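Both complexes shown next keep subunit A, but they swap its partner, so subunit B is in the first and subunit C is in the second.
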Partner chain A sequence: MAAASPRPSVTASIASPRRSVTPGRLGLAFVLPSVIIFCLFLMVPVFAVAGIAFLEWAGFRIGDWTFVGLAKFQKAAADPVFWRSFTHTILFTVATTVLLNITGFLYALLIASRVRGSGLVKSVLFLPVLLSPVIVALMWTRILDAFGAVNQLISLVSPTARPTLFLGDPDLALTSVIVATVWQFTGYNMLLYYAGLQNLPRDQLEAASIDGAGARASIRHVVVPGLYPVIGTAILLNVIGGLRVFDLVYVMTRGGPNRSTEVLATYMYEQAFKFSDMGYASAIALVIVALSVGAAVLRIRWGSRLHE
Partner chain B sequence: MARRTHGSTTRRRSAFVMGTVLVGTLAVTPAANAQDPIELEMWSWNNEGAYPLVHEDAIVRFEADHPGVTVKRGQSNCGDACGVIYLSFTDYLTRFRAAIAADEPPCIAQIPWAGEFRDFVNSGELIPLTQAITTGFPAFFEPIVDAVSIGGEVWAIPLDVNTLQIAYNKTRFDELGLEVPQTQGELQAAVDALGEQGLFGIAMGTRDRWSAGDLFFAQVAYTDGTNSKLAQADAGEVGWDDPAFAAAADNVAAMVASGIFAPGANSMDAFVGNLDLFASGAAGMMYPVGNFVTAGVADKVGDAFEWSLFPFPKPDGSTLDNRATGGIAEMFVVTADCAHQEEAIEFLRYLVDDGGGAALVANDFIPSWDFPVPADKSELYNNMVTAQATANSRVIYTTQVYAELLNAMQGVMDGQPGSTVIEAMVSAGAQ
Partner chain C sequence: MIDRYTHPAWRVGVSAFLLASAMVAMAPILWIVGLALRTGADVYSRAVIPGTFRPENFSDAWGQFGLARLFLNSIVVTGLSVAVVVTLSVLAAYGFARLRFRGSEVLFLLILLGLMIPPAAVIIPLFVEIRTMGLYDTHVGLSLVYVAFGLPLSILILRSFFAGIPRELLEAARIDGASERWILLGVVVPLAKAPIATVAILTFLFCWNDYFLALVLLRDAGTYTLPVGIAQFIGQYSTPHELVAAAVLMAAVPVFILYLVLHRQFERGVAEGAVKQ
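Our next item is the complex of A and B:
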């Protein structure tokens, strides 16, 4: 008798009007914890920052603020240090994005070609990604200082040369930070491209080969177009990472010498925690958010065009 | 129905029991609080050198005299030098602000003597100590009391003072027949003589900026013979483009151009790279050095050579006596949200009583009040105490101006003209 009465299926119970648990609601229930965490720890702070940007607030007492409208944005517009920081941020972002993608792609090709030792190269290149940027910054500070490894190598070639002061020279300091950043994160881009290369359709590559395409032509006309979605994602991640860079700059140069490596995030930190101007710091933070959102929108539009 | 009645009875009993517990707790709490031990929290960033010994000395004497009141230690297994809670200066102020915002600040906190001090006073988060300082505290040096006073109120207790001078390799100077330079012309001659031996002149580390500012203040000590213009500029009574400041910045720029300083200052932190240069003998001098780092210099130099200090020499033609710059080294505030302000102030009395003074002197610090120097103190210590008597100010309280001074001075160390310093200070002062 019991065997004769079939047990209701899971689908049926979900669809059951008595319980009224639709797949949509179930899905919502699953994502709700993430949505709550996202709102609490991301959206609320972002909106709070947006609000604080219109206040004169020293950051000591929650209720101790004055509404100043757009004054903080006007201050930014007239502040030469803000514009220097802005320029350095854009320079840093563009340089690191270009270099990370070129080196990441080349290393991925090297590994995908499965030449001898490519597995070791993959591990070694990815290792810096696992390190804290603070450790990387301290390490590069030592490597680049007057008695560091780079200057010792230079002295081997040119024993009479005076040490090159990479982090003390305004013309070299930003470049030095860019080099350290690229060194740390190349492995990350390499991994993205390597994953993309694994998913490329083999038949297209074989067809190109049969049609007589050489390695360069195959890369240009088959591999690169096939990697467009990966390229878009990698660029977006690098751009956002570049726009909000703080730790490497702060530890290596503290924005100096004479603000030659000051970026938006370090200037924002100075305004907030040295000058107690939370309103201005929030206005700078909003500029970083706006630039990041702008980059994401461009990425989405580019992605849509690829699909059309 | 019977079950519901039983449930209601149970809930009523529970409510009665909970109510009784609550009333009992409220009745007992005040008495219990009165007997609760008090733990004071004190923050400092000076865990290097002998400061923890000085702090610990005061803690031990204070706790012995005040049973039930303790000072929280930040570390364990630290023998006789546990001291208080030490935080890295890099994020000290960030954490202090966060603690204030969270209504959980330490009762006592070390505070920088520069612009941040004024910002914290203006925030209303500190208590004035004007009344307290009249009872049980020593008579602090008058300029030092001025330095911790804002708006006619005293806001901090100054523990000790320091001077900033040039350390020089006495052994090497003697070998080359060099006297201690009395003017910048003589300083140049000494640097040239060192250069002929393949040595650098003055090693500086300005990557962390502050010492570049002190180079400027060392010149202001001469270009402003009144020792008052920095304070006047802070108060808006003279401009940041005052001729005294312009001449000071130009002096530094001229010295950079003439090779007085070892190259690479902007790539070295103070007391790291420049100390290496000095201790290795590659540079004949090092700036700035005061009692806060003499122990570190002595450790690093060891027996390699003899060294001593002299004030930054005056510009050629100046009729002023040579003088160091200086000011307060450690100073402490009591926070407005501290639940035990009286106990906190009482602890500060122990830091600066006779025992505190003796601990400071024993560890080569200079108390911020007149305190007898034992006959067995070193020549170096006596040198610093003498220099203290005529030390000029090294403080700009307007935070933005001070910050831009430091940035622009890094530029000067890189060969920029002195006028860039004045432009930066004027621009920051206008904000």
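Our next item is the complex of A and C:
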């Protein structure tokens, strides 16, 4: 300890007038810069977005707005494109959450068995997690286009087939975006589950094996129950990530073709920054918030039921 | 762990399945590498394996898309944001953990609420706010927003570490006459290298990879960060595919290299960041 703080001498601290500063005051001073930035750029905007949703406002000048009450929410309720974005968001969220938890859990289990090559596989699966979704989106746009890898493979099998336009076909575009997302984030769930497996109590697993439980039985009765907290966390993070998806969709398809991949975030972006309808865009943003908060509340309820 | 139940043949099977999966997982990247090395004419061939080799695509893409500028902008914004987040979150986390004051618990819980706020939810007021402050289309404005989004998780991670430092260690330093500032810099920060690295890595990934906030808060191509800049290529259908592929790969290189060097820190950091939420 003395080695860690060689400079400040006893005389300095006695002579220092700062002695009068209480730890509490100092704590406040330490905390204040973070609190100010946080309030200014996160707290104030959260309250503001709830207010703007009740305004007719183009966003150009503050005060240059009219109060329209619930009109923007009524507009959303009657807007088929809003409902399509809503449905796509839910579809995307459910599909990616289910798939990522299956692939993530499967690979975590297999890698935890420490067979030859599992370390390499872990790194390879995790690498895409670190890439910007923009990079992933641009890669998959090329892979899925008329001259992309998938069409090259199809033409190997049937040389006369016409190229499939995965991102240009309203029936295939959303699935394509889901595939790219699962490719990018399987490693994320794998890592979460792998970390969870490392923390499982060893003695329980051993007790199960002494009782003669096979691998399948011990996965079902020891591993999965032991992973409940991790499963909850993984699902919540996937759901929240799915509800706010923007980058992959916007770069790959711009919400098209014909709105077939439009999600809440891309539709909100369009309303705000293409059509300057800040009120309507804020109402859509509130829907994203409400869905995220709802997911978190469900998670907390589920978590507390498990502890009873 | 589950290995005690396993038959050798099963282990070989698992090994083969995992290696096949790794190849499938790598295939998109490898195909893009192939695309980046093709000549313009070969892009439209139906061969999965490129029949041509043109490494000049990389230098062409670098010049044509102004990647030097995009890299520089990303480095400035990310560097600034990471430095500020680390500094402020160390201070705040130490305050919350060790220098409690009346209301500090409430403030801490308030900041934790920030974990729940998606960028899309607040982008409209943020845009108006940043423009009103004269920070629209500036790197400082974008960095301030990154800092606000980076602080909650960073403070949470560091606070739980600081709270676990034995009281005797800090008391001993105090008896030695060290001021609180010196205790923080000389005793606490050196102990906290691992969680500080986690915070730095998570903030780096968030800022370096962000597209949405930069897309809204920057306007001029000269200020664009890497993700916004390269995303512009896709809108131009005339852009040669092989150059897009080369640019995308070059944009990914810094993260590849960092992951190679620091793969343990990255994996631990991302896992910890997820569990803390």
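The working rule: the second predicted complex is superposed on the first by the 270 of 308 C-alpha atoms of A that agree within 3 Å, B and C clash if a C-alpha of one lies under 4 Å from a C-alpha of the other, contacts with A are read in each partner's own complex, and residues count from 1 in each chain.
Basically, a contact is a pair of C-beta atoms (placed from the backbone, for glycine too) under 8 Å apart; a residue touches a chain by one contact, two chains touch by 3 or more.
If you're wondering where the values come from, they're calculated on a predicted model, not measured in any experiment.
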On the A-aligned overlay, A:S113 touches which partner chain: subunit B = first, subunit C = second, or both, or neither? second
Pick one for A:G214: touches subunit B only (first), subunit C only (second), both, or neither. second
Contact-wise, after the overlay, does A:F166 reach subunit B, subunit C, both or neither (first, second, both, neither)? first
Of the two partner chains, subunit B (first) and subunit C (second), which one does A:F275 touch, if any: first, second, both, or neither? first
Which partner, subunit B or subunit C, is in contact with more residues of subunit A? C
Quick one: classify A:G59 as touching subunit B (first), subunit C (second), both or neither. both
Interface residues of subunit A shared between complexes with subunit B and subunit C: 59, 62, 145, 147, 273
Please give the residue numbers of subunit C that touch subunit A in the complex, ascending. 1-6, 11-12, 14-15, 17-19, 21-22, 25-29, 31-32, 35, 43-44, 46-48, 88-89, 91-92, 94-96, 98-102, 104, 107, 110-111, 113-114, 116-129, 132, 144-145, 147-149, 151-152, 155, 169, 172-173, 176-180, 182-183, 186-187, 190, 205, 208-212, 216, 226-228, 230-231, 233-234, 241, 244-245, 248, 251-252, 255-256, 259, 263, 266-267, 270-271, 274-275, 277
Quick check on the complex: what are the subunit B residues that touch subunit A? 93-94, 97, 100-101, 116, 119, 123-125, 206-209, 263-268, 273, 276, 399-400, 403, 407-408, 410-411, 413-414, 416, 427, 431
Across the complex, what residues on subunit A touch subunit B? 58-62, 75, 79-80, 144-147, 162-163, 165-170, 253-254, 256-259, 270, 273-276
Sites on subunit A touched by subunit C in the complex: 1-2, 4-5, 7-10, 12-14, 16, 18, 23-31, 33-35, 37-38, 40-46, 48-49, 52, 59, 62, 107, 109-118, 120-121, 123-135, 137-143, 145, 147, 149, 151-153, 155-156, 159, 183, 186, 188, 191-192, 195, 197, 200, 202, 205, 209, 214-215, 218-219, 223, 230, 233-234, 236-237, 240, 243-244, 246-247, 250-251, 264-265, 268-269, 272-273, 278, 281-282, 285-286, 288-289, 292-293, 296
